[in-house]
Amino acid sequence: MSIANRIRQKDIGNTGFAANSNIEGVRIVNPDGTNNLKKTGIPFYERISIYHSLLRMSRFQFSLAIFAFYTSINVVFAMIYFIIGVDHLSGVSATGPVYIRLLQAFFFSSQTLTTVGYGHIAPSGILTNFVASTESLFGILAFAVVTGLIYGRFSRPRAFLIFSENMLIAPYKGGRALMVRAASYKNNHLTDAEAQLTLALHVDENGRMVTRFYQLPLEIAKVSSLALSWTIVHPINDDSPLANLSKEQLLDSKLEVILNIKAFDDHFSNTVQQRTSFTYKQLIYGARFQPMFGRAGDGEYTLLELDKIGAHTPAELPELVEA
Amino acid sequence: MSIANRIRQKDIGNTGFAANSNIEGVRIVNPDGTNNLKKTGIPFYERISIYHSLLRMSRFQFSLAIFAFYTSINVVFAMIYFIIGVDHLSGVSATGPVYIRLLQAFFFSSQTLTTVGYGHIAPSGILTNFVASTESLFGILAFAVVTGLIYGRFSRPRAFLIFSENMLIAPYKGGRALMVRAASYKNNHLTDAEAQLTLALHVDENGRMVTRFYQLPLEIAKVSSLALSWTIVHPINDDSPLANLSKEQLLDSKLEVILNIKAFDDHFSNTVQQRTSFTYKQLIYGARFQPMFGRAGDGEYTLLELDKIGAHTPAELPELVEA
Amino acid sequence: MSIANRIRQKDIGNTGFAANSNIEGVRIVNPDGTNNLKKTGIPFYERISIYHSLLRMSRFQFSLAIFAFYTSINVVFAMIYFIIGVDHLSGVSATGPVYIRLLQAFFFSSQTLTTVGYGHIAPSGILTNFVASTESLFGILAFAVVTGLIYGRFSRPRAFLIFSENMLIAPYKGGRALMVRAASYKNNHLTDAEAQLTLALHVDENGRMVTRFYQLPLEIAKVSSLALSWTIVHPINDDSPLANLSKEQLLDSKLEVILNIKAFDDHFSNTVQQRTSFTYKQLIYGARFQPMFGRAGDGEYTLLELDKIGAHTPAELPELVEA
Amino acid sequence: MSIANRIRQKDIGNTGFAANSNIEGVRIVNPDGTNNLKKTGIPFYERISIYHSLLRMSRFQFSLAIFAFYTSINVVFAMIYFIIGVDHLSGVSATGPVYIRLLQAFFFSSQTLTTVGYGHIAPSGILTNFVASTESLFGILAFAVVTGLIYGRFSRPRAFLIFSENMLIAPYKGGRALMVRAASYKNNHLTDAEAQLTLALHVDENGRMVTRFYQLPLEIAKVSSLALSWTIVHPINDDSPLANLSKEQLLDSKLEVILNIKAFDDHFSNTVQQRTSFTYKQLIYGARFQPMFGRAGDGEYTLLELDKIGAHTPAELPELVEA
């Protein structure tokens, strides 16, 4: 009896991924929640949202990008001032070496771009004045963009969740259950959190490997406050597509489980969402999560130990009864 | 038997468009999703949201608008300084030709507006000082508006969807179905996407042509993740207002199909929405969409070919059985 | 038979307003949608959201507020510089008349606050330098607040709806219906609009006048697109709290009808909401709304005439049958 | 018969807090709505959202933080200019005492950071120019962050609710009810407000104290407009987990009641949320709230007295009938 035949439940049919996507053994969702997907057919600059990219790059990369941008713009304007002639920059000696004149044009440019405008170097002549006037406008607009980006970066609503590294097949009410664990690690407060577990299974259908998607019913799919850790539990009962699969079959099935958590963030006053994915390589058969919080400080508060998010101990599972 | 009589389903009655709107053969929704609609009766400046307009114009138009605004303001203030007298601008020769004095007033204005304030030209006298003080305040406020607009422009939540150029009547489960296709083309991630197909039909009702609206039931109206392409399918079964319409009747009916997709954007953490419309001129009878994604890179990822969004091949449809 | 006894429907009981609020004949909601309500018991500055107030005042008031703020700050700092001594402002003559020295301190202050800093007046001495350094910091922070306010003002999601001046009792399917009309007057696009009509009725209950609230069922309470005008219709059938009330009873009942419209705005990608209220003085018995849109421009588009939002013509109503 | 056995209702099982959390007698939610919770296991700087912290600190703390930041940055750059040598700052005497030279470097730094740039002190030499150029860039970026923070602070959607200090057991329809009261104290307008009362009870389960959570059904859980005060009422009938608990048992049970109110704010056009918690120490047995609003100003408006939010008078409760 094949795995495909065992699965009793109707698959979802369409989750934005095609049933016949023919992507055996390949990750569908990356651990960071992005799709394992490339797009072609339209130009790169149309395909990429620069705003999104600048918002998602690391703090270091972002700082570098801004510094590079600032330097390039100053180099360009310095060249323009130099070509017009530094004799139109009062305060700059027109007879010094080229690199000094270039540097002074560069510094004048930076003083104009940032609108610091000390004035010990000042534009004279119509053309230089016009360029300087344009540069200061450009500077204000460019830094308006940067201000927006910086604000967008740190005010971007995010769920700030950590997930267990593994998914467990754990003992549950005399049977088995698939369990993963999530916790909020920042000082924000999530309410009305909803979890969704989607199973992707590579099954043999008339001799062709296809990927099928199944919604996994959860013991509790919604909690009113996600203050501590949350163990998301899919009971492997008769309604489960994983019912009656042995340890070997589970590990052979190249299954991937996509976890999506959506919640309302109190501070952002916004809905936030985070995704991750667990592949069959992250499956541990016969284990349970260790508790990760308890009373502390003479019972004055509850302590949540975030480094234990993935901590688990071996646990015996009940015998599988062949149907 | 007229088309109107064939239609078995109750129309929606009210979709914001009137049933008796008497707009035969006219597009109701433009391809870009805006309504084909003009408004009169209140002044233009009250009717127009300047904010919305500045947000939606092209990048080129926006840059031009800002440059024009910057120049005009400087011209106005230059005139004021000139009228007061450039002898109240220390650093400016009061005896030069008029155009030079005007230009210097203009450059002083721009240095004040952008707050660069080199100081080689500086205000002297109470009136000029007062004007300069006002101008620098005005400059800060004006650039605050511009900063807001720029931020508003690039942070505006959008769905970034492309749609197939045509709607197809395709073979479907032994019958026929109306199909359109959508895909997300940016590096954002849409979840919980919902599609809505609204049919607008111009029908003869007691000798008068009226427009009737029908909600078209979809095979799948909601997907949990819109990662790849999504073919939106309306099965033309007995419940469909299009049931039993022949190819000729379909093309004669001057039908318009409005597609609305609403989704949650992961990056904006916001609900986004995009609309488009297909008229009978975009209807292709007997065709199916070509697949537009598949395994790539040695099976390492999925490749989505966006330029194939509208690609279709002819397909034979089953014979219509007259009821 | 009293009005109270006629009313068959259960009232809502709680709408945030109390049933026993004892406010006979007084408007509950103002025409602009605000509550006709005052609050006491906590200090004014805690009760008032300055942010909200600055966001909602007129453009003229807001400009005035900013100009007054700017002037006051400059006056305060001018006084400080003057007290320290203008001899610590290089470029300012310490021997001129008092008003000239004060004015020059004022202008130096404004050049520092706006960071224009020409430099023809510059601080000298530790104390003056320290004050100037603080003022420029203060200036940047103050204008950051102003930038935020300006952005908040023009990006504030609003519904931009106009309403008919009157509510009508109009003929409807052989009976009567209460009708009001709304339309969107800007170039934004509202989808998924929902209307809610709440009736407030002052009724005699055991000899005491109390206010009761009733939700009025609507013919159509939700439209998928609010592109044209929307006539909100409450059919006065046997389920209506207004059933069997004669013209005189309706006008005597001092009724107030609160209209609330909630919709999704395409441009803001946000839910927007607008309220208004109609009192018995705005009730017209026996009238119907005139159409306010139609085909225009050789059938090329639909024209919506916003000045006709309240236009109505007399219409005969069916005889009331006493129950 | 123990308290645990009396409770007939199924508990919620998971509210983000664990049933076996073993936190007897300890507050779960603080009065200000935050969780009484500490987190360990990941570094402090990853656990803390600086953005959230800066958004939530008091106005005074925030001003202090900015002033401290501004001073530190200037001190750092002053040191750099001093080390390079103040002889590269034209306008600064290189022969004065050290503290004067340091102060002048400090003032030059502040003039550069804020971009006021008077110019009476100006950089000369490549290194000093380069540092000044970098500092003005840094200044603009830093103030961009501050601008964003300030905007984030005052535009943060908040519910602005006050709650009664106590929860009351009040007479209600011949029986008893648990009542708390909330009111909006600002000039914002909340619609579609939803209340949720969660009971946390410390019960003896097989000799071990565990915390159980129960959703308390409300008489009215949603109001369309939260204009006046709202008394949230949980009727203690047979379905209530508090049914048949005597005054002593209630006070002994160390119960905690968590109140959560979610509403739509008209001005922010956003969903806002506020939480609070009442412990058994705040329980008053046999009392009812005093009315806190009524007609005022010759019946022209409604007056809401916010200082009466917690005002209550003793009230006799019906005898408990032992089941």
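In order of appearance the chains are A, B, C and D, and numbering begins at 1 in each one.
The definition used in the following text is that a contact is a pair of C-beta atoms (placed from the backbone, for glycine too) under 8 Å apart; a residue touches a chain by one contact, two chains touch by 3 or more.
Worth saying up front: this structure is predicted, and the values here are computed from it rather than measured.
**Student:** List every chain that touches both chain A and chain D.
**Tutor:** Under the touch definition, chain A and chain D have B, C as mutual neighbours.
**Student:** I need the rotation angle between the copies chain A and chain B from a CA superposition, between 0 and 180°, in steps of 5.
**Tutor:** An angle of 90 degrees brings one copy onto the other.
**Student:** Where chain B and chain C touch, do the two copies share over half of their residue numbers, giving same, or under half, giving different?
**Tutor:** different
**Student:** Could you give the separation in Å between the centres of chain B and chain C, each centre being the mean of its C-alpha atoms?
**Tutor:** 27
**Student:** Measure off the straight-line distance from the CA centroid of chain A to the CA centroid of chain C, and report it in whole Å.
**Tutor:** From the centre of chain A to the centre of chain C is 39 Å.
**Student:** Touching at least two other chains at once: which residues of chain A meet that condition?
**Tutor:** 111, 115-119, 147, 151, 270
**Student:** Under the stated contact criterion, what part of chain B meets chain C in this complex?
**Tutor:** Result: residues 12-18, 21-26, 28, 33-42, 46-53, 55-56, 90, 111-112, 115-119, 121-124, 126, 129-130, 132-133, 136-137, 139-141, 144-145, 147-148, 151-152, 156-158, 196, 198, 260, 262, 268, 270-273, 275 of chain B touch chain C.
**Student:** Inside the complex, what are the residues of chain A that reach chain C?
**Tutor:** Going through chain A, the ones touching chain C are 115, 117-119.
**Student:** Spell out the residues on chain B that touch chain A in their complex, using ranges where they run on.
**Tutor:** 66-67, 70, 74, 103, 106-107, 110-111, 114-120, 143, 146-147, 150-151, 154-155, 160, 162, 185-189, 191, 193, 220, 223-228, 230, 264, 266-267, 269-270, 291, 293-297, 299-309
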